[in-house]
Every structure is written in structure tokens, then in C-alpha cells.
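Questions regarding the structure given below will be posed in turn.
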């Protein structure tokens, strides 16, 4: 099983040179730590910044400089600051190439649910609905199963949706999968020590297995 | 008959303290010269400036600082520069209180035509359609009759329209008139030496005359 | 120039009364109008409808309004940092309209810009789309959203001049510039109020035309929600 | 940062070919991409569709394209300073779509912002409204206009950095920032190209994400249309 850091590390391999990227709260935020330094990419924060840098040194903490997760951050040289309308103009207009975000459920058609559990949890969708409706490439980072062992990869989502037919790839603690345009989770890679059988048993939606499934390696 | 300067001078009396004002090309631009200095107003140029100042001294001419008539201008202290989308957001959103512009024809219902003579002249509407569709108060500055003596105050406009039911007041070389909400040009003031009869004969649309019509005075 | 200065927050919010609809700038606790919030708390106005991306935390920002039950309805995109909010919402004491963040930003911009409605792909196929017009453009589905204005917009800027021109700092800019355009009365509180002519016209974020009242705020706490640092 | 520098105008416009749709910044002759215009004139590309608020004057700016009959269609709001334009238009040699200036600005912004359509009051009751959907909101009539994008946007800024961040100067800003967002490829020419990190992030007008190519232009003429001075 992958740790959160390993999920982030694996997702970082999907990043391409020249991309503008929006990272969601949680595991997606960790992806920034693993993007190879020879790739020039720019991280966007939907509260109004292009060019997110690392967390600041204690002495440099600025309450007027936070990311979308409300964490204090720094800016890299070449950054630009803008308002929320401009920020979502970028997102909606397709200028942000890659969105990485968490999910509670993903369906085999690429639908995603991550903002509400009726009667229990209502945090709001934040920018997620805009991001999933707009980005060209969307990768979901999540645990394969919920805490009580239920598969989060489903035929159809049971929770209120965030967006439909939008997720392209999913990296869980067990596997890397992509959504088949005709429906289904195409298994691409297994986590170290995890069998295809285990992934099959923990995937409620249609799992597509073509040929030998390689095991991920980490240095 | 009023000179162009007198038309501008008369219109300047309509200006109120605290107004943001857009002045069109031609006579409206001259209005700026006659706004009493005790009134604080701000002039907007739709190409992206709030706070138009007088024409610059020769040494201060800056090609990057022009008004909507493409004339070189100066900026007053407290000016702000913005892009064309922001400029028309201001206009369309009703933040500009008063628009003063020229016209080829005005109808007795407040319709205005000022951008096209089919087959002869096609300069385009520029920002006029946005301005007349948006401003709370619209004053037209124009000659009462065309060069060949035809009235420009009509029952209905014959030229392609710029906007409908939008003009509130008209200042011509002969008179000040306002549009009656039920239709008709209400005669408010006569130019010095001009009789009601003459105005009547030169107004093709319905002219409404209530009581004694005062003659304008200029110092 | 037209001067907009008022003495302080109390004077600025004096005519905000029960039932008013307010827009309040800020993202999380960053860039919120702290002085106006304090003045409104003192007034204890009630039945407010508040448009704000977030709802503060339990003991700061709009969270303080919720503690005092001053809010009838919130229009927000994310309210996850506020337990009292979630409690009032789940119990039905508080009315809430959750709006995707980009849609919220654009609705406010549209409201200020005289655009009554526009189309966005955000929310298609979700409960956000319920009751809204769906239309296809170039093979993709969009839903129609409407412009949003408010009786008052309360914004917080870094610097401002007495003509109402504003400059924001860092990511404290967020929703403030759009909200400034969408208030029938826009009240700006600034960390530093400077005389007309002190700001570079080329660097203004919010032109003074949008601001009706401005004052220099005091004692900004600028509370940090997630202090994350590198050793 | 992602670096966007190209050598010069020739390299920047190398892949613009016959039939392309271009947006070109500027209001009158102020803020027009002079170097890109010169490079395109040399290439003599044809059948261009050009979105530009104005059409230059007879012997400068886009007027030079018209002299060489490079333009198939113009989308503009005001073309009154160009006799050759008016001649080609009245004779039917040139296709023209005249759009109210605010609608043009907003259509370009919408195109760049992923908004396929919006409602505006400009043009209701006029020939601009012909064939367009009219709808009432809050008792006022509006017409629906669509977002506009282009194959290339050619913009001119004052300063820019190698990551594509732009700062404009004075009223030469005009249509440039929106157009920068609406080009599939956006080419920025700047008076001064500076290294990444030289510009204040808080003062950027166009964030670099919108710019694919940037170069430092040369020999800016900045011709003035109406030199008006006070003695």
C-alpha cells in the first residue's frame, strides 16, 4: 500500500514540462514536493496566485500570502497575483493544464463526488466544480477504499456529484487507473506487493485488465 | 443661435457634484472646459481612464495617454487606468452617472441614431451603444437641424438606431428640451433671440410647450 | 476628484440595518474587513444575507456574526472551517446557498458589470444545476448563472486614497475587487489611507468610481488559519 | 517558471498563415503591436480575420494590411479614421462585423475566461440585435452575445518578463489584457523585456499563463492621431 507521500510521488510523474497546475488540498498539495526540478511548471492557487513556492521560513510568514488551503506560503520569482474572477477565468478558460484533487468517490465514467455527505457533512464545493468542469487533464488522488472498507471506485457515485465525465486518471494507495472513454477503470499499475486480485476485490466499478500489470517502483 | 462653445457651456450647467461623467467626441468634449470648479466630478474615457485632465503641454505629450477621441490628454491626481473590459463594466454596471454625446437624430421617444448612414458612412458605433444602453442620465449635444435644413428632432429616427428610449435631455443651438416619458420634446429653454415659433418650425417631432419658455443667458 | 473619506468603521456602517444584503471580501481570514466586522458586531444588526466565499472560523471573522445569530442566509463556496456554521446549517437555523467558487466570483463580477446572466460549465450534472437553464455551446454543456449585487459591499485593501482608489496586497486581494464593483454602497477599509495623487494610476486594482466610503482601519489582527513553515 | 522568450517578431509570427484569425491589441494607434504588424506585412499573409477595436489609419497600423489586401474580415467597433477601410467596406471587398465597443471587450474577455455567452443591454432595439436572443431580466431587455477567441492574439505591453508577465502603460492598455487571454497562441511584444523576478507580482496586469511567446520589440514609432496641446 502506498503512503500519502508515495501517492503524491507517483502523481508527480504525470507532470509534464511547461504545465500550469492546480493542486487541491491534502495529498495533491504534497505533489509539489516531488516534481522533478528539470521540469518547468507553475503552480496555481485559485485564491489568486501563479507561482506558489515552498512554505515560508518562520520569519517570512505573511498572513497576506496563503494558498487555497489557507496555508501560509511563499512566492517564486516570476509570480503573479490576481483576483478570484481572474483566477477562475484562467481555470474555466482552459489555461490551467492539469488539476490534481482528492475525491470521496469516482465512477467508472469519470464522475467525481467530493464535496458533500447529505445530512452529515456540508463543507461546500469551493473551487472544485469549476476545476473539474474546465481542466483538460484531471487526476484524482485518494484512498482506494473508505475507512470502513467500502470501495470508492464505483459503477456510479452515491454521493452528490462535483462533476461528470471529467476524471482522467486515479492514483490510490493500491493502484494507478485511468478512465476508459466507454466506461470502466483501466488498471495501469499496482502498488508494490499488491495483487491484481486484491485490486479487483476492492474495485466496485468495472475494472479493465489488459495484459500484465506492472508493479510501481520507488527509489 | 448657440455656438458649439455655448452648447457645451449650457450642458455644463447640468453637471452635478460627485458625478462620474463620460463625454463623447466633439461638442461633449468641450463641456469639460465649463464645469464649475466648485463641483467635484470625474471624467471617464472609455478607452481606460478615470480622471481626464486638460490637454498636455507640448513637452508632456505622451502617445500612451489619449482619450476616446484619440486626442493626447493629461491625467489629474487620483486618476486610475484600466482595460476596456473594466471600462465598460463601469459603464454597463451603471457606475458612470452621466453620458453626454452627439447625435444625428433623436426621436420624440428618446431613441438616438448616431453611427451609420446606410450606403454612405460607416464609422461604427464605438462605445455609444454601450453608453446609451447603460447610463442613468443621457444628454445629447447637437445642432437642431442638419446642414441641409432638415430637423434632427423627429417623430421616429430614419437612420439606424444606436439605442432606444434612452435620451433624457437635448441641448441644440436653438433650445434645451427634455423627452417626455409619454413621448414628445418638452421645450425648456430658448437660445438668446430664438423664438418659440422658430423652434416649433424646426422640430419635426411632437413639441410640448408648457407656459412661458425662458431665454438662456450667458455671462 | 470626488472624495470618499469617512471617519471610521462606525460611521461607514451606520446605515446598514436589519435585513441588509452584504458582500464581504476575503478568502478564509485573509483580506477580510476586520474593522467593519467589529462595527457590525457592536450594532448587532440581524437577518443579514451575506455573500462571502467563506464563513470565517468559530471565533473570528463572519464566525462571530454566526455566534450572535445575526445571519439569516449565507451565499458561499466553502464553509468547512466553521463548526458553528455547520451546526446551524444542518439544524436548519441558517439558510445557505452554496455556489462554486468560480461561479461566485463571476456572478459578483457580472453584477457589478451590468451583466444579468452568463453561462458556465461549472456544476453541469450536479445539484447546482437544478432548476437552471442548461444549454449547449460548441458541443459542451453549460448552465446559466445570474449576476449578483448587494446593498453594501465591505472590502479590505492594503492602500487606498481619498478618492477611493484601492491597491490590495498578496492573496488578500481575492474577492475584494469584484465585490467593490457590486455593492450599491461600497465601503473600503484600508491599512493605509493616502492623499489623492499618492498612488500610481497604472497600479490601481480598484478604481475609485466603485467606492463610496473609505477609511483607515486600525489594529489589524490578520489571523492565520494554517501557519505552515519550512525549517 | 516557464520561459516564453522568442528572438524577434519574425520568429513570433512564423506560423501565422493565410486564413488565420487574429486579435490585435490597441485603441486607435495607441498600444498596437507595431513589430508584429511589420513582420506580418513582410510575410504578406492573406485572408486574415482580424479582431481589433479600430482598423488603424491609411498608412499605419492595420491600415497597412488593408492597403495590401491582406484582410478578409474585420471585427471592430469603430473604423472612422481609415478611408481605405471605408472604401473597401462600401464596395463589398471587405467583410465587416461592427460590434459595440463594450460588447467587443466583454466578448473577448468571455472567450478567454471560458464563458460561451452572456447578456448585455448594448444594442437592444438596434440592428446589432438582429438574429440574437433577447431576454428580459429585472424588467430590462438584454441580448445574448457570445465569447470570442482567436488563433493568435498579438498584444503590446510596456514591460514584460521572460515568464510572460506583462505590465501596460497608460491608456495603451485598452484591449491588450483581454486579448492576451483569448488567443490560442498569445504573442506579446514589449518595450522592455526583463528577467523573471524583476516585476512586482502585485502589479502584473497580465499573468504569464496567458502568454505563449514574448519578445522585446524595437523602434516603436507610437504615432499620435490627434496631437492636442495646451499652450
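Labels for the chains are A, B, C and D, by order of writing; each one numbers its residues from 1.
By definition in this document, a contact is a pair of C-beta atoms (placed from the backbone, for glycine too) under 8 Å apart; a residue touches a chain by one contact, two chains touch by 3 or more.
Every value quoted in this text rests on a predicted model; they were computed, and no experiment measured them.
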Separation of chain B from chain A in steps, with touching chains one step apart: 2
Shortest path length from chain C to chain D (each step joins two touching chains): 1
Between the pairs B-C and B-D, the one where more C-beta pairs touch: B-D
Centroid comparison with chain C (C-alpha atoms), farthest chain: B
Intercentroid distance (Cα basis), chain D paired with chain A, Å: 36
Length of the line joining the C-alpha centres of chain A and chain C, rounded to whole Å: 28
Chain B: positions in contact with at least two other chains: 49, 81-82, 88-89, 91-92, 134
Multi-chain contact residues (two or more partners), chain D: 106, 109, 113-115, 120-121, 168-170, 202
Contact pairs between chains, per stated definition: A-C, A-D, B-C, B-D, C-D
Chain C to chain D touching residues, read off their complex: 106, 110, 113-121, 135, 137-138, 140, 142, 146, 167-170, 202-203
Residue ranges of chain A touching chain D (in the complex, touch as defined): 18, 20, 40-42, 44, 49-51, 75-82, 86, 88-96, 134
For the chain C and chain B complex, residues of the former touching the latter: 1-3, 109, 111-115, 161-163, 165, 181, 196-197, 201-202, 204, 207-210
Touching residues on chain C, where the partner in the complex is chain A: 27-31, 53, 76-81, 86, 89-90, 96, 98, 100-106, 108-109, 120-128, 158, 168-178, 205, 222-231
Of chain A, residues touching chain C in the complex: 45-49, 54-58, 61-73, 81-85, 87-89, 91-92, 111, 119-130, 133-134, 160-165
